[in-house]
Each structure stands twice: as C-alpha cells, then as structure tokens.
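Below are two complexes that have chain A in common, paired first with chain B and then with chain C.
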Partner chain A sequence: MRIRHPLRQVIPFAALLPMALTVIVGYLGTVLWSLRISLTNSRSFPSDTFVGMAQYTRLFENERWLLSLHNLALYGVLFIGACLVIGFLLAVFIDQNVTGEGVLRTIFLYPYAMSFVATGLVWQWMLTPGNGIEQAAHQFGFAGFSFDWIVDQDMVIYTVVIATVWQASGLVMAMMLAGLRGIDGEIWKAARLDGIPTWRVYLSIVLPMMWPTIATVLLLLSTAVVKLFDAVVAMTQGGPGTASEVPAKFIMDHLFGRANIALASAGAVVLLVPVLAMLAPYAYARSRKGRA
Partner chain B sequence: MHRAHKLALAAALALGCATAHAVGPQAERPKAEVIHWWTSGGESAAVKTIADAYRAAGGAWIDTAVAGNEQARAVAVNRIVGGNPPAAAQFNASMQFLDLVEQGMLNHVDDIAAKERWDTTLPAPIRDVIKVKGHYYAVPLNVHMPTWIWYSKAAFKKAGIAKEPATMDELFAALDKLKAAGLIALAHGGQSWQENIVFMAVLANVGGKDLYLSVFRDRDPRAIASEPFRQVLLAFKRLKSYVDPGSPGRNWNDATALLVNGKAGVQIMGDWVKGELNAARLTAGNQYGCITGFGARAPFLIQGDAFIFPKSANADTIKAQKLLAGVMVAPATVAAFNRIKGSLPVRADLDASALDACAQAALAVMKDRTRHVGNGEVYLTPDQNGALVDVLTAYWNTAMPVEKAQKNIAAALKG
Partner chain C sequence: MKRRSYFNPARIGIYAFLISAALFFLLPLYVMLVTSVKPMEEIRLGNIFALPLQITLEPWRDAWSGACTGASCEGIRGGFWNSVAITVPSTILPILIGALNGYALSFWKPRGASTLFGILMVGAFIPLQVMIYPLVRVLATFGLFGSLAGIVLVHMIFAMPVMTLLFRNYYAAIPHELFQAARIDGGGFFRIFIHVMLPMSLPIIVVAAIMQVTGVWNDYILGLVFAGRDNAPMTVQLNNVINTTTGTRLYNVNMAATILTSLVPLAIYFISGRWFVRGIAAGAVKG
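What follows is the complex of A and B.
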C-alpha cells in the first residue's frame, strides 16, 4: 500500500521529533529553568519566592565573581591565541613531509588524550616551588633559578594557560593539518612557479583559504574557555587566595557546597551571554551562506 | 547458538535465585545504606567500628563512602531530593542540613534524644543546631576541636624556645625565634578553608568569646567595624609573615608532615592532625605539644560529625534507621569510634583514661561549658560561611587593607 502524500511529508519530522524534544526539553527547558531559579531566593531547594534581580546584584557586587570574569577574559584571549599559533606552526612543521610524521603527530596529539584533572595535577607538581622545574634547573646548575608563578597572585592564571595550551594545541594541530592537506596542490605549484617564498604562501594564500577550519577551531576552543573548571581545581583550587578563580568554579561551589542554587543559576545565566555572543555571528554567517 | 545463550542465561538466573534463597535470612536483617566521607585510612577504620556494631546488633550495613565532604553531601542531598534516600547520611553538626529539615525531609530522633537526655548532656553548640523547632534531627557522634595549636618539640628546642607559649604575644615571640633559626615558623596549607581555621583561632584567642559570638552568631556590623576586630584581623595577617613561599595550595597533612620531620615549628589545625602524628609514631607530650587556647577563659571551639535520617516510606528502612541510631549512641560504639578517629566523645560519661594527653587536656577544658562556642558553620549558612572564607583568603593572600577586609566581611555576613 502506498503512503498518502501528506503523511509522507510528516514522516521525516516524526523521525526528528525525539531529537527536537531533547533539544527543547533538555537544553532550552533547563536554560529557562535556570533563568527562573536565578530570579528566586532558592537555597538548597528551588523556591517560588521571586526576588527580582537581587541575585544578579549580589553577583556583581561579589569581588570573587568579578575577578573570575576578569580571569576568564584574560585566560580566553591568551589560551585561544596561543593554541592557534602553536597548533598552526606544528601543523605547518608536520606538513613539510618530515620523517616520522606519524610518531610526531601522535606525540603532539597525546596530551589531548589526558583529562584536564591529570594535566592539572602533573603541572601542579612541575610548577610547585622547590619541586619539578625549579628543582631540575637547580640540579642542572642554575642555582639562582626561580619559577614560582603558581604561588604568585599576579602570575598564577598564566600557569593555567601554560598547562591547558600544552594539552589543547595538539588537537588544534590535527585539525589544522587536515585543513592544510585539503589545500589543492595546484596552488602550491603555481606559487612555486611565481617564485613566492613559502612563508608568504602560508600566510597570504593558505591561511585565508583555511578559514572554515579556523572557525571550527575557534568555536571548540571558546567552549573550552567558558567551561574551564577542572584544570583550575586540580592545579590551584582557585588560589592562592582567589587569584585564579573562574566563573565555572564559582557556580559549582555555590551549587553544591554553599547550597545557593539561585546565585549559582544567576552565574550560569551570565555565563551564557558570552556563549551566545560567540555563537550569534557564527550562526549569522552560516545562515547568509545558506541563502547565497 | 542463540538458544544456547538463552539457556545459559536462564541457568545463571536460576542459580542467582538459588543463592539469593540460600542467604534468605540476610534479607530480613534491616538494611541500612549509609553515605559518609570517611575515606582515609584512619577514618575508614573509625567508621568500621560503627558498621561492625550495627552488624552485631543484627543489621546489614551498606557502605557508600564518597570522597570529599562537599561531594558526599551533594550526593546525599541529590538522593534525598530524587526520592531514593539512603538510610542515613553524614553531615557536620551545623546549618548544612537545615534546608532539609525545613523541607520536612528528615525523620526526627526524639525518642533517643529523650533517652540519652541530650537536652542536658550535649554541648550547647551541637545541641542547638541539631534541634530544630523542638525536635532533634541528627545523631551527633563526636566533637572535633578545629583550632588546636600544635608544635614540634624538636623545632622548639632547635630555636631555643624553653617554654610553651601561654599567650598570643608569646606565640608570636616563639614564631620569631623559629624563623630566626631558619625553620618554617608556621606550617600552613594555603587553602581557603585552612585560612578560615587560622582566622577562627585568632578570633577566639585575641578577640575572646564575646567578640567571637558577636561576629559569628550575631553577625553584628558594629562588632565587625570595631577596633578589637581590626586587631584580630591584623594579628591574623601577621601570621602570614611566618609561612613559607610553598604554602599556597598545600594540603593540611603535607603541612603536618613538615611538623613531623622537624622542618616547621607550629601548625594551627583541627585534632585530625593527631592521626598523622600518631601514624608517624610521635606521642603527645614527648615529640609534640598541643594547645587548645591561651588562658583559662579562651573559648573552646566545637564542631562535630552527625548522621541524619531521611524520611522513607519503606518500613524496613525505618526499622534500620531506629536500630542504627541506637547503635550510634551506645557508649561502647562512641568510645571505640572516637579512639580511632582522634576526636572527643560527645558524651561526658565515658572513661577518659584510654585517651591521649591532648584529648584528656581537651576534655578537662570541655567540662567548663561556659567556654563552649561552635565553629563558624554552626552559626552561618553554608552560603554565608563560603562568602566569609572568600574574603578571608583574599585578605590573607593579597595586600587588601584591613579596613576593606572589615567592610567585605560585614557584606559577606549580611546575606
């Protein structure tokens, strides 16, 4: 028996329904729920007493939260910048048809297979004054060497950048390498005929052609920035003092240990803003491209 | 092939049923699942004394140990809210479970409270947090004193300190001597909760009981803005000058290790330090000394561990809860548990002769009930306490002026 025409149109939508429900209930629904909680005076349990913007006022009067936002911005710029540069250079390096490419690729990508917690712990040991790097330098004869960023108020956030860049740049390399390999070989031949130096080809021709790859990498790294939590917990626990606090840790602390889900939800909602700000241009570019 | 699999499965199921039947009587033993965060060697040995006592009393103990106290409490709260509560869960005797009580999610233990005469026998800071609107909602197990001042006799000897400090000034003088002798004067783990402990110790010993209660219990902005409290904050910050550069992020037991191997002189920390000292085969009075506070009027800080019993519709669980609560207050269990845990028993009628010198000194101090105060968490909600800890750790670690610290503490305790 042949299915009637209108039903045929419905079937694809029916097939998509579970996914759509997951998105609407699981994602949008919980976002709205967080928004609602953030307007109440909930503590351990959701409450129905609405207090307007009081949680947000408290949030932006909280020095730890403001410091967390500042840290996140600083961290984000440095982390994304360093990952992009290092990842691209590594990819270019491997793209020179070096011997042992497979081994090198694995070595560069390997840190990514480790969890942030393990990365954080290892780097914490290496960076602790008197241990790790400092001790090694002393044993190599540099007696005056000192590297105490991890216990320094002003420098500690950079140690988090170092550890996470070490971990993530291998992944960027892998994606960049895929992008490089996707560039048509004819372009290289043409450039060589014209006598253009290699670095110039990479910078002026190949890099612009890799824009879709870079956009994807940017999006991946940005989400990693916003959800930064475990590396900080493992490395510094937000310390010394509150010097390396990040928003996600603030939210987790208030959600569980401090039994203030309203304030935590307010923080989560605020954290959603940069994510939307990042996604909006991306979505807009995609939709224009779709129309064109 | 397929059929063979099914057959094997059926056989396995049948076998499973058979074994289940074989241990049939087990099913009638009241089953108690207990969530707690006692996972270190000494701690799990301590909780085992309760488990064994419960089994001996005819129950079946299901151990759900969750590492980390915040994580364990999060698991317990989620399980209770989600409708799958454990028979019992560990909390600190503090405001941590007040929300659960107010939501009507806990069973009270009034019958045991009446039998044990908790109204008169329990230390007031513990009694007042577990008794809500006339009902008792938790069974307290022990008293931890969080602000002991521990010192290494070897380090003191090396620095030429002849006598145990008896005042805060003498403590500072001793720290100066330790520093001059090239030792780490104050072994400190630079984590915010440890800074909070040092702060409570200074507030109790420099500020005294009245100021302590005005700040923590009354959250009085005038007391926080006062000159005596400013002096407390300055003394607290002065201690920072005696720690080593490696202290940020250090665990408390690593700080204790500095004391054990004679690299450091003093540590301000709770009585759980004794577990580490005992494990290193040091004995109180010989290799290390302990001070609960300076002077005969110094407040004695009290924090404790307690178990709560979530409401349940299951008759078996209710039976298990009753049995478990009874086991937890039995003198033999309390004595065995505290001997291993390093804490003090909540009941005063136990034989103290088996305890070490520090514990006996503490029991003597504890007899004077006017010196009892709770630790910060007894008076503050987890939220307020957390906000306070944030300010203290920032003040300790940065160049924050003391007036700003006073202002921020007042703001943190306002909510």
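What follows is the complex of A and C.
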C-alpha cells in the first residue's frame, strides 16, 4: 500500500512552477506590459500617462515604419516563395536515386547551421561592389558588369533575400525530402501504369499529398520572416539610408537607440496581430479536438 | 523506385542541376576559406574566387586575438569563451526543465497543467520584440540585467516551449504501464523521473542538446540585449569587429573571424548529421 502523503500531491505542481512562471510572467505578463506601454506617452522610461491610440497613429504616420512593413511583406513573399521552390526542386532531384546523395544533402544544409550574422557578413563581402562578385566579373573580362544591389536603395532588400534563402532553403530541402520519402511507392507504380509523365505526378499528386510537410515548412519560414533582424544588421545595418529597414529592427532602434519605448511597443503589438491571426484558427481547432 | 537506366539526357540533366546547385551552396564557404588565408594586398588586387598565391595564417591569429571591437583590440577569443559560458548552462538547464515539464505533463497530469501548456505553445510564436522590453525591466529589477545569469534565464524562457514539447511528445510514446509499475514499487515523483525516465530519454536529450547548442550559439539579438558588454557572445563581437571598424576593412581577418564563429555549430552539424535534421524537424512540429 502506498501512503498518500499530502506533500506528494503538491510535488507535481511544484515541479511545474518554472513553467507556470514562464507562462505567466514571461509570456502573458510581457505581452500585457507591452500593450500597456503602447497606450502611454513613455519615452525612455515607462510613464503612466495614457494617450489612447496616439502611438499607433504616430506609428502609421512614420515613413520609416511604413517602409519597414513594406520591406517585410516583400521580403516575406520572396523569401518563402524562393525557399519553397528551391527546397522542393532540390528534394525532387535528390530523390532520383542519385549517387552521392549524402554529400549533396550535407552541402545543401550546412548553411543552416551557421548564424544569420555570419551568413549576412559573408554575403555582404561577396556583394560589395568593386570588391566581391563585381570585381571578379571584371577580371574575367566583363568590364561593364555591375552588381551593386547592396548599395542600391531599390534593390538592397533583394540581397537580404539572396543571403537568407541561401541559408534556409537547405532546411526546406531536408523536410521536403522526408515528406517525399513518406509517400507510398504504390502511387508511383500506378502513375507509371497509367503513363502519366513524372513532372505531372509531382505537380498534381505528390505535391498535394505533401500538404502537412508544406504547412510545417510554411509555419517555420513565416516565423523566421517576422523575426528577421540579425541578417539585416549584419548585411546592411538597415541601409543604405533606411532602405532595408524591417519592423524588428525599427522596434529595437526605438527601444534602445532612440528612447521611444511607447512607439516601439506599439510596433511590437502591431507585429503580434498577424501572428495571433495565424494562430487563432489553429488554437481553435486544437481546443475542439481536445473536447471531442 | 523510378527509372534506373543511367546515361540518358534526363540523368545528365539531373546531375547538372544538382552539381550547379551544390557549387552555388559551396561558393560562400569557399570564398570565406580562401579569403581568410590571403594577405590584404592580394585581396585588394585579386578576385575573390582566385586561389591564394601566398598562404598566411596571420588573419586567423588576428581574428582570434588581435582584431578590434571599438576601442579594445583583443580579437574574438573573449567572445568565444563568453559563448561557451552562456551555451553550457543554457543547454543543460532548459533540457532538465523541459524533461521535468514533459514528465509531469505526460504522467502526473496535475489539474490546469494542460491549459498552461496550451498557452505556452501559443507563446512560442510571440514575436521576441513584444517581450524584450518588459524582460529587460524584470531582469533589471532583480539585478540580473547584463549578467551571465540574466542571459541564461532569458534563453531558458525562450527555450521552454520547444523543450517541453519535445519531451512531452517523447514521454507520450512511452507505455503508461511502465510508469504505473514504478509507482506501485513505491517510486515518488522525483525517484521515477531520475531513475526511470531520464535514463530512457537519452535519444531525445541528444536531439534537444543539438538544438539548444546551435540555437544559443547562433543567437545574436538576445545576447546583444541581455548579456551586457562583459558577456557579449561571439556573434555580437563578430558583428562589432566587422561593422564598427573604421578605416580599411581587413577582409581576411573578418572572414577568419566569421569562420571561427561558425565553427562550433558547423562541427556539431557535420558530426551529428541526421540528428541535427531530426532536431530541427521535431522543433518545427508544434503541438
């Protein structure tokens, strides 16, 4: 017989105390705090003077913020699109019984092990006009070749796309490859019997069947998009001018550089909205499943 | 599987695509390596893809112990040891707490715990920027801001969702009878955890450790904000070396510093290979 100690009942609760504190203080508390600050006129220190939605109005009148949102949207579409296409193509090609599969997989994925800072710095150096790829092209005899996107206000965001796609598409490849391998071989036999061309099978049958993998990849990539900060700091520091500004960097600058924590918090709350919108249907489905 | 005939146009096309893709992926690594062993004169004159005419290890020595960040010129070795000091506890503690959480959630199911876990999972997606300022204030209140303990605590907070999820899913697959048997034998909460569950958890601990070490080592933003000047991790120092230098940029030193900073995660990746992928994939599948 086991004796029911009152203490024993408490232990599981006590063990979860760090988690409870993290949830209540770390997650819920900080979100409410940021929300509160965003409604005040705080500058370097939190203040208790509430100004309603004034910070949000200021935020959306701020050219730099609007530019950063625009950059994020453009970056997000291009980054996710390119990662999906390149990752899927690499996975499909690797899945053709090629020799040296292990080596190829290793090569495609190694950038993911590196930090965004390191990745950004390498690409910065390769893309610097007069120094990297441009100079190399000149020496190969293409005297008129010019590649100055990284210092061009209109093109700089594309260089961030190049560097981060280089970093992350290998991961997409790895996950897509796992997805491809999970598909029943019978499908291929049936398609061959029916004489359907391979590319058609991939596009119309395999791709739709890989929806769960693609959803996971999308989730992973979109979280990375919202977080985009390190790579921009390392590559362009938001420049030239403010041309490659992104929301995460805008918020950090106003928190620590420009002593405008209310405006920064408003920006952070705005960033939270699309995340919650994405999560709400998911959380709802989960709670429904839990009840059933 | 699919067709097996070799040497037809389709196969040549497949290899052509894969090899050119591989070259594109290897290019930056090649440029980094080659640049890091060239003297500056050669970099100024030659193109970035050319092999070095004269190999020098001077840039590596400079990057390690001579490169300047702002006023001091001590290289990034300080950052390396800071990163080690941050990474070791930021790996061990979150794994222990994650394992404990997963264990309590899977087997003891205290009331309200699953709600807590649900909020934690949603919390995993909250943008960092929403949490940063309040966390700065909380840590400052306890005198932990800018300290080693502070940055470790922050890493623990941000690792909590994934670590808990990993272990919860792992323990969910363990037969409940095993736990019942241990209880009938008189095992208490911690006895069962330490003597039964932890020894069984080795595979998932390895995955979690790979995730944490790479993640913490590669972190930039948390280290920048919370670690303070004395504990700045290698990534922060690397960016300082390269982006705040005035005058001529020492590209060879910069590239050597970049490689040095990436060495630990790359080594883990090359050694652990498949586990690395499994870790990321497991972390990605939330809920």
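Please note the rule applied: the second predicted complex is superposed on the first by the 256 of 292 C-alpha atoms of A that agree within 3 Å, B and C clash if a C-alpha of one lies under 4 Å from a C-alpha of the other, contacts with A are read in each partner's own complex, and residues count from 1 in each chain.
The rule is simple: a residue touches a chain if its C-beta (ideal position, glycine included) is under 8 Å from a C-beta of that chain, and two chains touch if they have at least 3 such contacts.
Computed from a predicted model, the values in this text were never measured in an experiment.
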Comparison of chain B and chain C by chain A residues contacted: C
Chain B versus chain C as contact partner of A:Gln237, first or second or both or neither: both
Which of chain B and chain C A:Gly257 touches, first, second, both or neither: first
Partner chain(s) touched by A:Phe116 [first = chain B, second = chain C, both, neither]: second
Partner chain in contact with A:Asn71 - chain B first, chain C second, else both or neither: neither
Partner chain in contact with A:Ile133 - chain B first, chain C second, else both or neither: second
Chain B versus chain C as contact partner of A:Val151, first or second or both or neither: first
Partner chain(s) touched by A:Arg58 [first = chain B, second = chain C, both, neither]: first
First (chain B), second (chain C), both or neither touched by A:Gly26: second
Which superposed partner A:Trp188 touches (first chain B, second chain C, both, neither): second
Footprint overlap on chain A, where chain B in one structure and chain C in the other make contact: 237, 256
Touch list for chain A against partner chain B, complex: 43-45, 58, 61-64, 124, 128-130, 148, 150-151, 153, 236-243, 253-254, 256-260, 263
Complex interface listing, chain C residues touching chain A: 1-2, 4, 11, 14-15, 17-18, 21-22, 24-29, 31-32, 35, 46-49, 97, 100-101, 103-105, 108, 110, 113-114, 116-120, 122-123, 125-135, 137-138, 156-157, 160, 164, 183-184, 186, 188-190, 214, 217-221, 225, 235, 238-239, 242-243, 251, 254-255, 258, 261-262, 265-266, 268-270, 273, 276-277, 280-281, 284-287
Complex interface listing, chain B residues touching chain A: 70-71, 73-74, 77, 81, 96, 99-100, 103, 190-192, 245-249, 381-383, 385-387, 390, 393-394, 396-398, 408, 411, 415
Residue ranges of chain A touching chain C (in the complex, touch as defined): 2, 8, 11-13, 15-16, 18-20, 22-23, 25-31, 33-34, 37, 46, 89-90, 93-94, 96-98, 104, 106-119, 121-123, 125-126, 131-133, 135-136, 138-140, 166, 170-171, 174-175, 178, 185, 188, 198, 216-217, 219-220, 223, 226-227, 229-230, 233-234, 237, 247-248, 251-252, 255-256, 261, 264-265, 267-269, 271-272, 275, 278-279, 282-283, 286-287, 290
